[in-house]
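Below, subunit A partners subunit B and then partners subunit C, in two separate complexes.
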Partner chain A sequence: MRYRTIVSYGDVMTSFFCTLWGDKYSIDYVRNLHNAVKRNYDGEFKFYCQTDRELHIEGVHELPFGKYKPIMDGRFPDKPKLNFWEPNCWGISGRKVFLDLDVVILGNLNSIIELYSERPIINKSWWKEDQGVQIDHIAYSALTNGSIYVWEDTVSTKVIWEHINKYDKFIFFTCVAGSDNYLTTFHLDKFNFVPRDKVFSYHNEDPVKNAVLCTVETISDEKEIHQLNSWIKERWNG
Partner chain B sequence: MGRTSAEYALNRMSRIVDDSAHKKLVLGYIHNLPINYDRIMDWNTPDGDNVNFMFDEINSGDWDLIINCCCEHMYPMSEVKLKGIYVLQSNNYDPGGNIHINRCSSIQEHLDQIKLDLVYYADTTIINGTEYYTAIGEKD
Partner chain C sequence: MMREDHRIVFDWLMESGWEEVSLVATGRISDRFYSIKSLGINHHCYDMDPAIVRNDYTLCDVIFDPITLSKNIINFNAQKMYPIGKVHKGEFIIIGSADKHPGDCNIVTSCQQLIDQNKIHTVMRTIEIPNYSIVWGCND
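Up next, the complex of A and B:
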């Protein structure tokens, strides 16, 4: 008889998060992401969605928006993603994992989550690094890719939240493109990154063999996952 | 282009203000133009300092001549409350990449957001096809 090894960090419950607002993504994106986590994470977890909608998805806990609401004023379009950095937000602590809705999970998430060691993990736009994007002379460009965060509430994440709270007016004005511009400009040194062999960007890179995560971020007129006619859409549908 | 426009603003200033009598704060670049400032704060520095996040420090200083020839890179200058004379320039140029986060489309838009109490001088000049909006005045 063969037994599957379950790694669950002892009694630690992992909390998965996503967020849904506006009309860019349908509730199917939340459903598919939740199902993908069920298929690809070994361990106890809860799944939460910060949203203003009623989802009616079994196993998905709806959360109200935290301090920052989805206000569309042409700057910093993903303001609500900053809420995840609030310590103990929604009364949730412990190991936390945030996933963008436009990711496709291709492999076992534990191989990324288990890399956590005191410093929060974020994805990196490795393809931008290949292109030599200068982040030190263009203050508002982004090298991070917040398609996934893995973190616990620590001193350094508290520093991030306090900085957000102190300067939110200026952050929202100056970091025009959003949270990745902000995190790249001010907090890059606080993060570890998802290893390059575990992630790729569908619209910007060739697929990486045995990758765990595929990001399908759209910058201009690229297709969203549900619009694709490709193997990645089949994997997204499970 | 930036040097030329800053040169224009500083030339205008020298005709209106005797800058030797003032304690000068420069925000952003002046492209190595010959001006003796007491402090310069950049809008984009590799070590993490960024003038957009330093308004508390600015407003607690004792500068009384504030020069900013690249307001298009910054949060609106209404945030600076120092009593003194201001030389402020913006433009309508979009280089892409969210570089000019606060470009204006007219001298009036520039004036509306810098909140001078008294305007000595305001004009639009065109350099290489870009409109530059220069305002000199004071806050009290």
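Up next, the complex of A and C:
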């Protein structure tokens, strides 16, 4: 299957991405994320979901998995997230934004996306820094929080993709917890970060006033968004 | 006093007849390992922790970096890396730990696990002591 190359210049077109596989999240997560982008992004955009399911959501374009499939072998559970670093993957170029399904968008996304300037942007687990959590373990700990990427295909993102391709079997074995361990260990110097005042982690810190993004990442037995009985679930539902 | 696992490895090294050895992922080891040249064994050390390395070290990751190791290799921390025997060939002494340190990606609970992971086809020695499995063998 061939994909039309979509070239965007400046603020003409932004491509939003998410990915859905397995049974952790329902299609509602994709629908809510798409609706949230519609409410909170000013500008022309397309919305894509890398998935093996038929979503039947108007305005959401389904993409097949790229090189890395969702193979659950107990290590590096989010292998398909690496596909987004492939230059021109699915024939899509220009400004790109990836969002995890377990984020709740609270404010105008443009205030993060328009910070992009040549270096890819990624979220940071600011709370780990605040709480002095040790992050020098390649296997499990990460400073990055890949709940959002903002990027364009550049020389440095090409370097990331080539590194992934060259060392994938080592990476998948060594970085047990996944993509954030990998990006923290090998590519931290290539990123800018979502500013501290625009994001917070629901399960790990107090809400940040006027934040744009709330991450509801679950590490052990924390509740997923749909299981919460909280204001954040109401915001998620729009 | 030398750690029990390191003492065993040192004793095996003395028995080995090796004239050269690469000491990999050493972490902090006894000075006795650094003095083996006086016993007729040339060595070079490899570790990726800048806090560890000395003049006789190469600061690197022996899995990811293009390093050529000696045909004789001691890996002190198999629990922290991709199986070295899948990347390098030769005669190995490998220590793996079941301690479950937060940085350990490859918890080692048996000698058989080390033998299988590192494609060891000829086994000279094995020993399991609390928290450590140690194997001496070849995969070339």
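Side notes on the structure shown:
Just so we're on the same page, the second predicted complex is superposed on the first by the 220 of 238 C-alpha atoms of A that agree within 3 Å, B and C clash if a C-alpha of one lies under 4 Å from a C-alpha of the other, contacts with A are read in each partner's own complex, and residues count from 1 in each chain.
Throughout what follows, a residue touches a chain if its C-beta (ideal position, glycine included) is under 8 Å from a C-beta of that chain, and two chains touch if they have at least 3 such contacts.
All figures in this text were calculated on a predicted structure; none of them were measured in a lab.
Subunit A residues in contact with subunit B (one complex) as well as with subunit C (other complex) are 136-141, 167, 170, 173-174, 176. Residue ranges on subunit A touching subunit B, taken from their complex, read 136-141, 167, 170, 173-174, 176-177, 181, 185-186. Within the complex, the subunit A residues that touch subunit C are 75, 134, 136-141, 167, 169-170, 173-176.
Across the complex, subunit A is touched by residues 43-44, 46, 48, 50, 52-53, 55, 74-75, 97-99, 101-102 of subunit B.
Of all residues in subunit C, those touching subunit A in their complex are 63-64, 80-82, 102-106.
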